[in-house]
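Chains here go by letter, A, B, C and D, matching the order in which they are written, and residues are numbered from 1 within each.
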Amino acid sequence: MTTYAFAAALFTIGLAGMALLPNLLRKLLAMNVMQVAVIVFFVSLAFKDGATVPILGQGGAPVAAEFMNPLPHTLMLTAIVVSVSTTGLALGLLVRVRSRFETLNERRLLDRLR
Amino acid sequence: MGASPPPRHEASRVRRLLGAAAFPALFTGLVLGMAELPEFGDPASPASTHVSPRFIEDAAAETGAANMVTAVLADYRGYDTLGETAVIFAAGLGCLVILAAAGGRPNLPAAGMSHPFGSVILDAATRILVPVVLLFAVYVLIHGHISPGGGFQGGVLFGSGLIMMRLVWGPAHEGGAHHPDVPVFGPSLRSSLMLACAGILGYAGIGLAAMAFGGEFLNYGTLPLGSDPAHVRELATLGIEAAVFLTVAGTVGVLFDTISIGMRENGVPIGSGRGPRE
Amino acid sequence: MTEIVSLRPLLAVGAGLAVVLPILLSGRRPALREAWTFAAGAVQLGAALSMLPAAFAGAAHTSPALPLLPGMPLQFRADPLGLLFLTLSSILWLATSSYSVGYLRSLGLRHQTGYFAAFAAAVAAAAGVALAANLVTFLICYEVLTLATWPLVVHKRTAGVLGSGRSYLAYTLIAGQLLLGAVVWAGALAPGAQFTPGGFLAGAASDGVLRVLFVLLLIGVGSKAAVFPLHGWLPAAMVAPTPVSALLHAVAVVKAGAFGVLRLTGWVFGPDLMHDLGLSLPLAVLAAGTILMASLRALGEDHFKRRLAYSTVSQLSYIVLGGAIGTPLALAGAAFHIAAHGFLKITLFFCAGSVYAATGREHISQLSGLARAMPFTFAAFAVGALGMAGMPLLPGFISKWNLALGALDDHQLWVVALLVVSGLLNLAYYLPILRIAVFEPGDDRRVREPSAWLVAPPVFAALAAIVLGVAPDAGARFWFLAESAARSVAAHAPQFLTGGLP
Amino acid sequence: MRDVLPGLLVALPLMGAALVPLLAALSRRTTRAAALGLHAAILAAALGLFGSAAADGPIRYAVGGWPGPWGIELWFDGLSTLIAVLVAGMACFASFAQTFGADRNGAAPASTPLREGLLRGALLLLVGGLLGIVATRDVFNLFVFLEISSLAAYTLVASGEGRGAVAAFRYLLAGTAAGSLYLFGVGFLYALTGTLNMDDLAARLPSVEADAALTVAVVLIAVGLSIKAALFPLHGWLPDTYVYTPTPAAGFIAAVMAKVSAYALLRLLGEVLAGTTAGAVVLEITLWLGILGVLVGGILAVAQRAVTRMLAWSSISAMGMILIGVGMGSALAITGALFHMAAHALAKGCLFFGAGGIRTSEDGDEPGRWAGLGSRAPWTLAALTVAALSMIGIPPTAGFFSKYYLLSASIEAGGPAGIAAFAAIILSSLLATVYFLRVLEAAWFRTPGDAPDVAGDPASRPPGPVLPRPLAVPVVGLAVLVLLTGIFARPFERHVLPDWESGTARISAPAP
């Protein structure tokens, strides 16, 4: 439950940061926090008491209870890649925004867009 | 961005107040919902008992991969991974469009930092480190089958090796014109793009090849690579991982190069104190 | 009533639509362009006339049902009332077309190609309104009619004209949307929403719902009919060229609205249900108010066409009044008034247009002495004016007489008084025009009758009006059509079959 | 056919996206031919699937040979194939329009072959992402393809001038928040059921007894998808995005992008989660928000001075209309919503291609810039008029019939929501009348000198045709489709739109 609540807190902080921070770069960082929250949540779903990492060692036939659930790990591998890709593209956008408007402050940007 | 501009500050204050109320509510809601989820670490939870046991118990026999994550990633849910590769390719494509291929320029510009951090120590260290990093990347790729690792991890490592070279040696002019004494190894921006494209084509190509042999899209078991289906799947998975490796390595290169080009050409200062802090 | 499945209703509606594109494409060859118009008019008239014998025999040509919406096909049906309107509009379209040719040429107006194309589309839509067999078909034709007449209204393209066009669209399209809502609603209450003599909504919903529905439908059709207080667009729309005004008033828009009110009262709700819901009297009072108010406004109006416009508002409310009273004679009178007013009003507008084409004058006070210079035009005008006032032997008399009889059947004495007063008011605003034109000395000796294109149509329309007044049951048998339409509605309301029909 | 087409439908666009930028090195002509050919092939695959699903029933396709719930399944029924055809068809028009490179909003005055190749690649990726969303039967896979389409869309939005980059960044923030909310919700569902397969979810959810957790899951998923579907009040990203996107991409994005999210919303809330209490409540809220969106979108569209911005706000209104249908959930309402999706996609694509091209050729975006275009380019303007009339809902265009179905559904639903929806739809038509007729009046009846809102000498505008051929062809083609869909509305409704029986009854037998 604590891990879940931790994910919830991270998510809230990230979303709040995206909405309230004035600077676009900071919004982007807050967005990363939010994405990490989802990853934390999923990975914590994979945890099983008394189980090990989902890589088959030497030994007999594997039993489900002995290994962590590999599915959330796989999903989060994908989610991490999505997060990285989005961040990369967002940084590219910010470079362009910065060069065109010479600010990343949302309010000034909106004034200049007008 | 509606039609009425002036009372912005008022609206913003209202929005902040609303926001201040909304976020605690969101947090409370999430926690209330989470209270009903299965306990953390509960081996009897639906997630632990419903679909995943097959991945743990049968993956090695069905796909030949000792790393169950790899088995799920590249085989059971290989379609997700194709999508994921496309996502990262999309990011590279996007940065190319936004930053590098703009301005009516017929060719892509040379990539790299405007002011390489070259110094004797860095130069010497990089000469030693880069080959090691690149080699390790390939190891991570191949070994991903039986240990933590795989195409993504390997690709990122490979890409970071490329970035290291760019940082230290500057733009990769064809033929290494910038530092004639340094043997510049590393693809140009266009080659990075081609790597990324090749990865996607390879991945989807393997999937289509499976269709050509009568299976579903990405059903590697039908490929004529041997008699043991698990072995065939294992081989194909390696091919998949290699394709992912290419796209990730290429895209990491593309992202770094395009952003550095964008900053250089659009005059965004780096580390001059006029950064984005407002 | 026997149904004859045939393609003739489709032909009547499609003739005008079919020539829109050819007209647009032959813009560089005026003769060919106008030939298309006349050809379509002839085809439409031919189709209308060919369906008349069946109507006289008590049958109706019905088109195949084209799938459109679940349970609501696109279907046209030539029942007596529809056929009456269709025949009228076919005849008047041909007259207006020849008048248009002369009018546009003598004034050298621009955008003639678009004009004729929109004209054809508008008449086709009016034909569709006439023959629509159900509410959805009616609605579709109604909307097309609105849009097709917009280019005609704003033909002069100046800022003021565009403003008038906007007000025209504001009224008609808003009403159109309310009509859409009402049609969907009615379709949900009574699947098919097929026009049925005597109405199809009885018992379909609670009284409150039906009353709301009635108001929505009435606004929908009433705004085109320019029922007070939805008449604001009509005087504004007088910025249109005169043939367009003639078309708007005698055939297409306003008349289609009045026709719609008649369909609404007789074929959607039915006199029975209207009485039960207590809607008849309010509607009659509304119509009466419109008649008086518009007449008074006409008295004070010096602009020639605008006075005619107010006269239309007043006259078309007779039709609404007849629909509201709902007795067979009143309905027959109302239906007949569609034709009567059509011939008379188009005569008047033609005359106003001829005066404008010949002299450029638009105000009544400037007409001094013109009757001597333009004898044919003003003779025709005199016929129209007297007919409007209800002089015997002219068609206006027949409609008003039957309206009065119908009202007496329902013991509505006040209607008779209203008709008398309104007749006097008619005289009060038409006779001064004649007085000025005939008795006041003219100030310009060079004025002559305009070309034959502009003289023949009003004279023809006036003669047709006289024929209709003297022998209402000859030829196309407009009276018979009006009467059998009324009889079909009344057959479902036997308690009103008090007096005998003439 | 049935075993090959599903794979081709999802593989072709992704492969094409990697192939076309490489071809750009060869020649422009090759790039164009390849891109158009690929889009045509994708459309053919979508049509084939549509026909097959209609003739022989829905197709279940296990990617990789692994059946659900272990593998990822694709699902092609009447609904998903219809949306796939819509997406693929619009993409063909957009690809044709991409030949029109020099946009006023385009940074590059002359687009280079490489840039054109990259942009064509981005469009193919976008199509691939959208088709993936449409086809998938797996809630996580839906997220992956949602992100593909989003990233490709950010690229296309930002490929214009600098304002496009700002718009794209804001869109990116909104889109990522949407994706994360959705994914969080999927996490809840996974924790509760242990599965990601939609059929399996629907089968297992009734036995889940955690109401609060389920509610959180449903709300997170609904909010996430509603952001992407621009449901009021989560529509903030839309106007700037549509306005600053270069014309060829704007026509496509405005036509289908939000609708695919609405489709996902329908699929999940109306079908997979339909059995849950929270799902029903959220649908009810969606309905009310849709009503508000219809009104707010319409009112703000009237307030706009620029044509493209007006079109963008009108899209918010239209999305509200579609979500009204989704929220009501009756068979009639879903028919109306899907009809409106098709009608609005065709008409709005047409209008964005046209308005964007006119913005370039007339060097401005106010209605007054359209003055006199009716006589300069009658056919193009006639096509745009047809599309505008469809947006208003004038018969016999497609928009009339979709509104008719939605109105009938509102009557059928009854109650306060039904009455409010009924009134909102009527009112939105009135508002649409106001804002579209302003433009049409200028185009047909004004002359270029007397337009009040345009300063400067009309003679100073750049010469040349009003719309270049790459835009004129899609504009006219789409207008013809709008008209045909309207004229053959009843056959369209009966044979093209899927039957929708609300609730979980539609779920096929759960996977073992």
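Following the convention adopted for this analysis, contacts are C-beta pairs under 8 Å (C-beta built on N, C-alpha and C of every residue); 3 or more make two chains touch, one makes a residue touch a chain.
Source: prediction; values computed, not measured.
Q: Per-chain C-alpha centres versus the global one: which chain is nearest?
A: Taking the mean of C-alpha atoms per chain, the most central one is D.
Q: Go through C-D and A-B and name the pair with more C-beta contacts between its chains.
A: Looking at contacts between chains, A-B has the larger number.
Q: How many angstrom lie between the CA centroids of chain C and chain D, rounded to a whole number?
A: Whole-Å distance between the two chain centres: 44.
Q: Express in whole angstrom the distance between the two chain centres, defined as the mean CA positions of chain A and chain B.
A: Centres of chain A and chain B (C-alpha means) sit 14 Å apart.
Q: Please tell me the distance, in whole Å, between the geometric centres of chain A and chain D computed from their C-alpha atoms.
A: 27
Q: Could you please state the distance in Å, as a whole number, between where the Cα atoms of chain B are centred and where those of chain C are centred?
A: Distance between chain centres: 72 Å.
Q: Specify, in ascending order, the residues of chain C that touch 2 or more different other chains.
A: Residue numbers touching two or more other chains: none in chain C.
Q: What are the residues of chain B that contact at least two other chains?
A: 1, 30, 34-35, 37, 45, 47-49, 51-52, 55, 77, 80, 83-84, 87, 90-91, 94, 98
Q: For chain D, write out the residues touching at least two other chains, lowest number first.
A: In chain D, the residues touching two or more other chains are 140, 144, 147, 151, 154-155, 158, 165, 184, 190-191.
Q: Could you run through all the chain pairs that touch each other?
A: Result of the pairwise touch check is A-B, A-D, B-D, C-D.
Q: Using the touch definition from the top, list the residues of chain A that touch chain D in their complex.
A: 11, 15, 18, 24, 27-28, 31, 34-35, 37-38, 41-42, 45, 72, 75, 78-79, 82, 85-86, 89-90, 93-94, 96-97, 99-101, 109, 113
Q: Can you list the chain B residues touching chain A in their complex?
A: Chain B residues touching chain A: 1, 5, 8, 12, 16, 19, 23-24, 26-27, 30-31, 34-35, 37, 39-43, 45, 47-49, 51-53, 55-57, 59-60, 66-69, 71-73, 77, 80-81, 83-84, 87-88, 90-92, 94-95, 98-99, 146-148, 152, 251, 255, 258-259, 262-263, 266-268, 276-278.
Q: Under the definition above, what is the set of chain D residues touching chain C in their complex?
A: Of all residues in chain D, those touching chain C are 389, 392-396, 400-401, 403-405, 407-408, 411-412, 422, 426, 429-430, 433, 437, 441, 444-447, 450, 489-491, 493-494.
Q: Chain B touches which residues of chain D in the complex?
A: Touching chain B: residues 3-4, 6-8, 10-11, 14-15, 17-19, 21-22, 61-66, 69-72, 107-115, 118-119, 121-122, 125, 128-129, 132, 138, 140-141, 144-145, 147-148, 151-152, 154-155, 158-159, 165, 184, 188, 190-196, 200, 204, 210-213, 215-217, 219, 236, 239-240, 300, 303-305 of chain D.
Q: For the complex, give me every residue of chain A touching chain B.
A: 1-5, 8-9, 11-12, 15-16, 19-20, 22-25, 44-51, 53-56, 61-67, 69-75, 77-78, 81-82, 84-86, 88-89, 91-96, 98-100, 103-105, 107-108, 110, 113-114
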